[in-house]
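Take a look at the structures listed below.
One chain, chain A, links the two complexes that follow: it is found with chain B in the first and with chain C in the second.
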Partner chain A sequence: MSARSLSMPAALSAHVAPNALPIAVAVIIAIFALTEPAFLSTDNLVGIARQVAIIGIMAVCMTFVIMTGGVDLSVGPVLALAGLAAFYSLDAGFSLPVVILAGLSVGAVVGLANGMIVAFLQLPPIIVTLAMLSMVRGTALIVGGPEQHLIRNEPAYSFIGTGSMFGLPVSVYIFAAVAVIMILVQWRTPLGLLVAAIGDNERAARLSGHRTRFTKTLVYVICGLGAALAGIIQSSQVHTALATYGPFGTELDVIAAVVLGGTSIMGGNGSIARTLLGVFFLGILNNGMNILNVPIDIQLIAKGAIIVAALAIAARRG
Partner chain B sequence: MASFFRISAIVNMRSASAALALFFAATIVFFCVSAPRFATASTVENLMSGFSFVAILAMGQAFPILVRGIDLSIGAIVGLVGMIVFDLSLIGQLPGYLILPLALLAGALAGAVNGVLVVHLRLQPFIATLATLAAYRGLTYAISGRQLVPGLTTTPIRDPWLTGIETYFDVGGWLGLSRLVNMPWVPLSFVIMLAVFVVLQVLLTSTRFGRDIYATGGNHEAARLAGIRVNNVIIAAYALAGLCAAIAALIMVARFTTATEALGAGMELTAIAAAVIGGVSLAGGVGAMFGPALGAFLLGAILIGLTLQGVPQFVQQIITGAILLAAVGYDRLLSVRRQRRLTAASTAAT
Partner chain C sequence: MTAAGPPLLRGTGLAKTYGNLVALDDTDFVVNAGEVRALIGSNGAGKSTLIKILTGAVTPTRGSVEISGEIAPLGDPSEMIRRGVACIYQHSNLAPAMSALDNIYLGRQPTRRFGFVDTRRQRLQAEELLAHHGIDIDLDARVGTLSTVKQKEVEILKALALEARVILMDEPTGWLAGADVVRLHNTIRTLKARGVGIVYISHVLDEIFAVCDTVTIMRDGRVVAESAVADIDRPRVVHLMVGEKLARESADAALKQRRPRGTGAVRLSARGLGKSGVFADVSFDLHAGEIFCLTGLIGSRRTELVRTLFGSDRFDTGTLEIDGRAVAPRTPLDGMSLGIGFVPEDRHREGLMLDMNVTENLAMATLERHCRGPLLSRSGMVRAGRRAIDDLSVQPRDGSKMVRLLSGGNQQKVLVGKWLSRGPRILILDEPTVGVDVGAKAEIYAILRREREQGAAILIVSSDLEEVMTVADRIGVMVSGRLVAVHDAGSVGMADIVREIGGGSA
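Presenting the complex of A and B:
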């Protein structure tokens, strides 16, 4: 079809659809900035970055999983269990690196289990990670019980979530570091290519001699590590470890951010850089609606409608 | 050859159902032996009254899965329909016989919206229903009569048409069996579940719509080329899931004589679990109503049994997850075997 024969809607979809998300981010920033000047204050912008760090880290780390055609519903309880693991190792008097390692190992183990079951037994990821959600939550509740565990007098650990350097919270630096590393992994390493190849056509990737099972396992481990890191940051931020952190719905927020970024839930297409855009889109939306005192019910409806609209426009591209 | 394939598919489905029934029986026997007070009328009564609506949700969930989709919003639809009933009954003062059809209609409509998003906006079912999960839950808060008229929060729903759903029948007494053994009373919700089961099963196996569902789930493109209006079939599948969610909501509202904004939260995952345990394949086109219904009661029996054994609730969560894993693992095993047999048959034929 030549450019001239494009009808109005077709032209719209050809030019607008690929850039729908950046445009949408710009539009909502403009709307919030015009209606509430406080939105653009430095404090608020830093606040947004701090608020999205936890979901953002998980979304960045889940992008590869979704690109391979999978999904990880178990990130919520992994977040809680990692916080508990950190608390108990702090309690036992271990040094900070060991504490962080203990938290991260929770994510690695759960991710490894998810990945091996999905890759080697070839069971559907949505069911596997749903089962894991139930099992990890149960484990977290057995380990931590229903009560809150206060993390007191641990300045080094608290620094992760509440400290700041050069005017920015430490958690934002961690988020940025994770994002940069993952973007480099996607662009500069074979893993990035392989993940896309598996999502496009797993059989073809395997027949061309790639170790697809190993790669699939690895992406779930990365996802688990991201959830664990988020758990460490959260427990440090609120000085508490609790077995019910990362409640039901956390995983859906994370998936929504990834998918808003244009990663196809069927696998193949996807970009970590665009996931960041999805994260900030949802974060700005939440923040702006809170500033404008939009009631929670309208917020939920708006969130659903906006996700549908953004993806429907993106679907026109195909 | 074609008939051979069909027969082997049916035999496979039968054997999967038989295996599930056998596993259910084994579970019951295990708890009867090991759990104190499991083999009593009250356990059966708890199972029937506490899990009939889960079975209805699971059967509804089977339809989107059969057409290769999924519906994450049914828990939110339960909440929405529950709040509509609350509003119509307590604020609108409408009679129950009007509320019942309106509630069912609302559920079916909410489901149909999911179908329209999937078909016409070409959204992935997982994402479309994830978005409506948020939207329906938000709508529930928006129309919440508890917040519009705060005085109503403690007012129970008393309409006999609505609360009548929570009725128990002394079937054992009528049959005269109660003189011999202590018989459980049968809740109306269980009877409703049976009715839903019969209607949906007949719909699936004996009507053109049922054939269209299997054809669409088995091979979307082939079904379309065969002249099946796949778009309408898919929308109808989601509408049925919404309708089942509305029935479940009515049962729950009758039980609690009220509705909260959080009614049904997270229930979609239980329903998906029951459907998958019941042999409904996420790849589409495989499954029936018996499996999801029994799957729900299997989950229920295990939860009740473990509770009576004194197993803490947290451990129960772990065991439930393990069972779900085992069920998909078993399903996978069956399909691998099916594949092997088909390959063997086709090589033998050539």
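Presenting the complex of A and C:
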């Protein structure tokens, strides 16, 4: 095969398609900034970062799961149950580290169960985590009941969701820290490479001497931890724990951010850094439409249409 | 071969570009009734692209296809089938749990009222086809229980039931051995006598001289030569396919010295190995510095045997010693810690991460060596990758290239390189050159010989007798799960091996 000069449309799509998402982010920023100058105010930009932190943490931690060819639908109820676990630990008078540990352990346990069932029993992730969604929600309802549990007079805990340092909310720092750690894990540890390898060709990874089932379990634990951390931040932010937090659709927002970031839903290719772009794309879209007073029904339709359009452009890459 | 009227199939000025890659450039291609035309070329020469255009799987960028003089719509597989172009792929497309009869008519059974399958008419039609083309198949046998050559025949019948007038056969003997190749060739001759046009794609030159009338040789996306087979000889074909330099090297390689039992030191010793219902009582020694080839028919359980040596499967009787120590590897990791490397049969399904780059694939079995504490040293990987690429002359010399974009031969070099980077004391390769072009084959053989010189013990499973006779120091023959003979390669002829291979089974 020999090289040949590109035709104009081909050249255009070759350069545009891989960068479709950054371009889309830039375009919607430009549109919102031009129609409503308040969009670019520092307050609003910080607000966007704060709004996306919860979904963002979950999306970053979900990326590896999707890269291995799996998915985790159980993140919503995990978020709720982690918040409840934190509430009850606070109620029992435990110190902050123990409270956080209690919340995170919910995610670790659910993730471990998801991961082991998927990896060792080799059942389809979409069904396993759907079943888990149901079971964890049920558990949260048993534990928390129907009522809101107010978190009061817990300044240390409330600092997580509502505090700020150097003008930025604490939750944004946490989101940034999780993102940086996970990007580091992806590019600078064997785990990052192995996750892509499993998504690309699990049998080949196993025949190359890798503990593929262990790794698959681990990525679900990471995903569960992310959802639990999100739950802690949320309960701290709204001073409440409630069994129905993280309602139906939460997991879809998370998956949408990951897939918009270019991670293949079939597994293999993916990038946590690009998941961040997907998160901000959706966050900016929500925020901009709110500022422009777009009615919520129209917002939902527009959001869905834009996601499909973005994916269609990205799919042309191949 | 002069046919009255237009040829069965004529492609004119066909071209296909992918982005900035020209896969096929201005190619004419003709198949006449009753002609068996060989289509050969190295991987990446453009054969597959041409075939995909003819089956409608790919829409060409330019050019046209005529079938019996009529312009055919392009890029429409069902329309190509309707007009009588069928393709038989290297890997079976049959439903193994269904009968031969059902497979032949799968998806388009003759029906009665209300859409019920007319089983009687279906059987009559099939029997007519069998009789007309002189093919002998048990129509009620489940396809999965048929031998590989019979499965090929079922695929051919399926094509004929569609009233195919041109049949494209992609590496039809890739998984056949010995007598079965002859049987398939006889079937092809029968078809030819009935006026079917056949395109025969193969890397095995002997077969082309045995069964084809004409040959089209491709290189770099173009047709470089067309000839009657009678007017061309083997060296000339190889020369046209690969260019001068590689042709000379592959001729030299066959003359290299054989070294039965290598240095004499036994590295791996199997005694009475068995796996219930799969293979039994297999005993042999593998020595440092030798290449031992296991040959036999497909289904003679060679793959299953060698997988138990590596640990990706388990044997349940007998003993295995490596360097004099009794071992029982239970996972690939066990095999690796015993110093074994394993290149599996199917590089796409089991060997490579196709969407990852060359560097990453090369490092896949040695990640722990590239770690500094918990961190992975990407620069270390890149350096090691660059060394391996130079060492194996992987083309293009670019570690960031996605493996999917390499030719079959270069993919295979990457897969072999992955294991060589561990410096394996025992290297097991299962069908190391299936779908690899002549040039890359010679390079892979040279790499294996070099490893042998450095004292590695090499065990190759191969159905390609040409390959076995070229690289083996010793040859083991397996029949139905048993190792029936072991020879020093210098003291046995191909004919003897063929006879032994056929020994136990049909």
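Definition applied: the second predicted complex is superposed on the first by the 309 of 318 C-alpha atoms of A that agree within 3 Å, B and C clash if a C-alpha of one lies under 4 Å from a C-alpha of the other, contacts with A are read in each partner's own complex, and residues count from 1 in each chain.
Note that contacts are C-beta pairs under 8 Å (C-beta built on N, C-alpha and C of every residue); 3 or more make two chains touch, one makes a residue touch a chain.
Owing to the predicted nature of the structure, the values given are computational and were not obtained by experimental measurement.
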Task = In the overlay, answer first, second, both or neither for which of chain B and chain C A:101 touches.
result = neither
Query = After lining up the shared chain so the two structures overlap, which partner does A:190 touch, if you call chain B first and chain C second: first, second, both or neither?
reply = second
Query = Regarding the shared-chain residue A:176, is it in contact with chain B (first), chain C (second), both, or neither?
reply = neither
Inquiry  = With both complexes overlaid on chain A, does A:312 touch chain B (first), chain C (second), both or neither?
reply    = first
Ask   = If you count the residues of chain A that each partner touches, which comes out higher, chain B or chain C?
value = B
Inquiry  = With both complexes superposed on chain A, which partner does A:116 reach: first (chain B), second (chain C), both or neither?
reply    = neither
Inquiry  = Under the stated touch criterion, which partner chain does A:139 make contact with: chain B (first), chain C (second), both, or neither?
reply    = first
Task = Please give the residue numbers of chain A that touch chain B in the complex, ascending.
result = 71, 117, 121-124, 126-128, 130-135, 137-139, 141-142, 248, 252, 255-256, 259, 264-266, 295-305, 307-308, 311-312, 315, 318
Query = Can you name the residues of chain A that touch chain C in the complex?
reply = 1-6, 10, 14, 187-190, 192-194, 196-197, 200-201, 203-211, 268-269
Message = So in the complex, the part of chain B that touches chain A is made up of which residues?
response = 70, 72, 117, 121-124, 126-128, 130-142, 144, 265-266, 269, 272-273, 276, 282, 312-318, 320-322, 324-325, 328-329, 332
Remark   = So, in the complex, the side of chain C touching chain A is made of residues 17, 19-23, 25, 44, 46, 220-221, 312, 332-333, 335-336, 342, 344, 349-356, 360, 363-365, 367-368, 370-371, 374-376, 378, 418
